[in-house]
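Residue numbering begins at 1 within each chain, and the chains themselves are lettered A, B, C and D in the order written.
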Amino acid sequence: MSTTLTDYPAAVQEEVARVRAVVSDLHAELPRWGLVVWTAGNVSQRVPNPDVPDGSADLFVIKPSGVSYDDLTPADMVVCDLDGTLVDGTRAPSSDTAAHAYVYRHMPEVGGVVHTHSTYATAWAARGEEIPCVLTMMADEFGGPVPVGPFAIIGDDSIGRGIVETLSGHRSPAVLMRNHGPFTIGKDARAAVKAAAMVEEVARTVHVSRQLGEPVPIEQQHIDSLYDRYQNVYGQQPATTEGQA
Amino acid sequence: MSTTLTDYPAAVQEEVARVRAVVSDLHAELPRWGLVVWTAGNVSQRVPNPDVPDGSADLFVIKPSGVSYDDLTPADMVVCDLDGTLVDGTRAPSSDTAAHAYVYRHMPEVGGVVHTHSTYATAWAARGEEIPCVLTMMADEFGGPVPVGPFAIIGDDSIGRGIVETLSGHRSPAVLMRNHGPFTIGKDARAAVKAAAMVEEVARTVHVSRQLGEPVPIEQQHIDSLYDRYQNVYGQQPATTEGQA
Amino acid sequence: MSTTLTDYPAAVQEEVARVRAVVSDLHAELPRWGLVVWTAGNVSQRVPNPDVPDGSADLFVIKPSGVSYDDLTPADMVVCDLDGTLVDGTRAPSSDTAAHAYVYRHMPEVGGVVHTHSTYATAWAARGEEIPCVLTMMADEFGGPVPVGPFAIIGDDSIGRGIVETLSGHRSPAVLMRNHGPFTIGKDARAAVKAAAMVEEVARTVHVSRQLGEPVPIEQQHIDSLYDRYQNVYGQQPATTEGQA
Amino acid sequence: MSTTLTDYPAAVQEEVARVRAVVSDLHAELPRWGLVVWTAGNVSQRVPNPDVPDGSADLFVIKPSGVSYDDLTPADMVVCDLDGTLVDGTRAPSSDTAAHAYVYRHMPEVGGVVHTHSTYATAWAARGEEIPCVLTMMADEFGGPVPVGPFAIIGDDSIGRGIVETLSGHRSPAVLMRNHGPFTIGKDARAAVKAAAMVEEVARTVHVSRQLGEPVPIEQQHIDSLYDRYQNVYGQQPATTEGQA
């Protein structure tokens, strides 16, 4: 007999309601920053369980498949367990649900995942070429180049495995899955959406720069110093640490 | 004596009213996704007749010629028969009406047609070069490269014939008419509009990718597998089959 | 003693009020189609005089200098005579007023003039290179390549003279002034704004096409046939002749 | 004991309130013209003191760090002294505050500073290449090429010093900080925001022009003449001098 949301503690059900609203709202950022066309792209966020030691309800909220961005509401968001099985929702989950689930199963520190086919990031992915770190904002946000993940076909765990193998131990919160597009991770869905917007921006800027010559490399020591400052100094003031500027 | 809409059964007249609203609304998607400038572009949809065996009223609804996108209303949409002759409407039909009519006459499975001059798709069309299938979303949506149709002059059936000859038996719902621009087809106008948005997106992404090198090809077996899954597995759940994501 | 608007017949004053509203509204099309940044760009339209044989009041309405697009109202529009002298208005006329005035003095068939620095058209202008006619929509709208005008400095009649010398006897309603940007003309301001939107679109599409190879030329006979049809067949139905589609 | 805003004269406190509103409103221009992604970018303006001889309160207003553009209000803006120390505000100042403060300390004629990572300007900055003056609008606004500043790491005065050393005695109100992005200055924040919009526009237009060949240079005498006219002739009519057009 399958599990339903009503089998979960009340605290978890409340968190689900909150996360549904967060995930629904964040989807508006994808068309806003030009990251998606039609119904492409998806955002998910892990559901916390305040009553257990590791703080996780082993659930996540994700966009339903094939719904127009204009029509997304919190109630449309679907809830899945960490195997990607539907637990609550009236619609079918995104076709990328298995990849999100794999990331949540294998990267406990990840609280949000985003996938887009944003143009410039996908263009690098189609060549299977990492984005070199030639911008100070790349050093800040990605701590080095944005790496390429393997070619993987939808339908089993190979996309999820490719994401996890590429990003584990890597500074970058973004991976360019070959011939496919970027996946980004973060401590929550908002951080992953920010990484999705930033990876497209650096993909575009470095592309444009290289069209007329070679960008000047940034020395590794400067990359390290910028990354360290952005992640740590900023980290001391949680309320104001979100961004460039 | 020419036929007028009042000569048609009431059921058809009701369908015409419904399709007029659908076609009018879908035109808003063209500027929204950056596919058209000024009054360029047009969407049409076949009108069903629930009372006949093949389900078709042998009519379609199309945009009038030269009206600003801001000003389009359902009442402005014009109704033509499958020869492209005006049956109902206060305005002249789009100058591309003959091409739409030819497609409806020769491809009974097609329920919607869209034409744009979207920038990147038209740029490939101007070189007479098909778009190679180097993105998983292309394999999903187009099942291979996006083909080029012949150079054809407006004024007779040559554009329609070029569309039909190129797309018949082809997986792609989009053809790049040489020196002209993309035409897309679908089971209804919404599907054809989606194909118009997607063909511009893949035209742009592959263009950008090729500007700095060569995209990695996707093996034919993977293209087949992705296309098959997207068209068929998705096809089992009609309400949720519309899109990437 | 200088002339003021109150010296003009009542019929002309009424026309001025109408043209002020038309010109003010049309300015919104410039940012809408991405043709201008900040306060750049300007639209003007000739004022008719219904009481005289040639139908012209020898006045035109133009945008004031340096006002934000958000803040433009009909009352802000200024009225100049065909020497470019201010006749009515509380603001200084656009710094390009002398060029507009020169066009109205020397091309009586022109009823509207537009100037922008739209990106792709200006990029061709910076190379001093005409845009080749490799798109059917270019054949329709421009009847051939978009020509380049001379380098000319603001401050005397050299810009106006360059526009008139280049466009007189030419099919194209657009000229790319070298190192400067496009000027377009039309029977009224709306037609000139349309030409400004279309010249940017063809400048962009041909640019993109040439980035990865050479567009296929269109034979001169086909260009002539497309242009003739678009200008003449369309011309028989004035209410529906405005556009592509 | 640190200084607070209440230690300042009432006239200065009133100016702070006014400048907070100006700076808050101007931030909306950054996403409007496509100059920023997510929370990147910042605008500041010097606070005048009408009661002292040099007219300066030795304070400036700047954006807080990491707040979404949608959520910025005048109350969120923070006030710093010319060492970059927070004087008033409930949020942490932008991480670029030290650079703004350095400019205000060393360039008394500067009343506004803007920083973005706008795509095309940053692409030139990544190559460390100045933008050549091949457009009349560049001659007008920048009076020559847009210069490149040194590579500098956030955390001390090196960014501010690089801006001041590059722009002192230079006509251009914009500097491309290497591998980083543009900083612009102006008599007030509005002028600096305009320069930020214009530097991106000329960076893009010259980039596009060079993609297919070499832009025609403009002779130095013409650059001087255009710059002189734009800065001086325009300067005689303060209310109408703001822009191209």
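General remarks:
As a working rule, a contact is a pair of C-beta atoms (placed from the backbone, for glycine too) under 8 Å apart; a residue touches a chain by one contact, two chains touch by 3 or more.
Everything quoted here is computed from the prediction, not taken from an experiment.
Contact with subunit B and subunit D alike is made by A, C. Copies subunit C and subunit D of the same chain sequence form an interface built mainly from non-equivalent positions, shared numbers / all numbers used being under half. With centres defined by CA atoms alone, the chain at the far end from subunit B is D. The centroid of the Cα atoms in subunit A and the matching centroid in subunit B are 33 Å apart.
For subunit C, the set of residues touching two or more other chains reads 211. Chain contacts in this assembly form a single closed ring in which each chain touches exactly two others. Screening every pair of chains for touch gives A-B, A-D, B-C, C-D. Per the touch definition, subunit D reaches subunit C in the complex via residues 33, 134-137, 194, 197-198, 200-201, 204-206, 208-209, 211-216, 218, 222, 225-226, 229, 234, 237, 239-245.
In the complex of the two chains, the subunit D residues touching subunit A come out as 36-42, 63-67, 91-92, 94-96, 115, 117, 119-120, 122-124, 126-129, 151, 153-155, 178-181, 207, 210-211.
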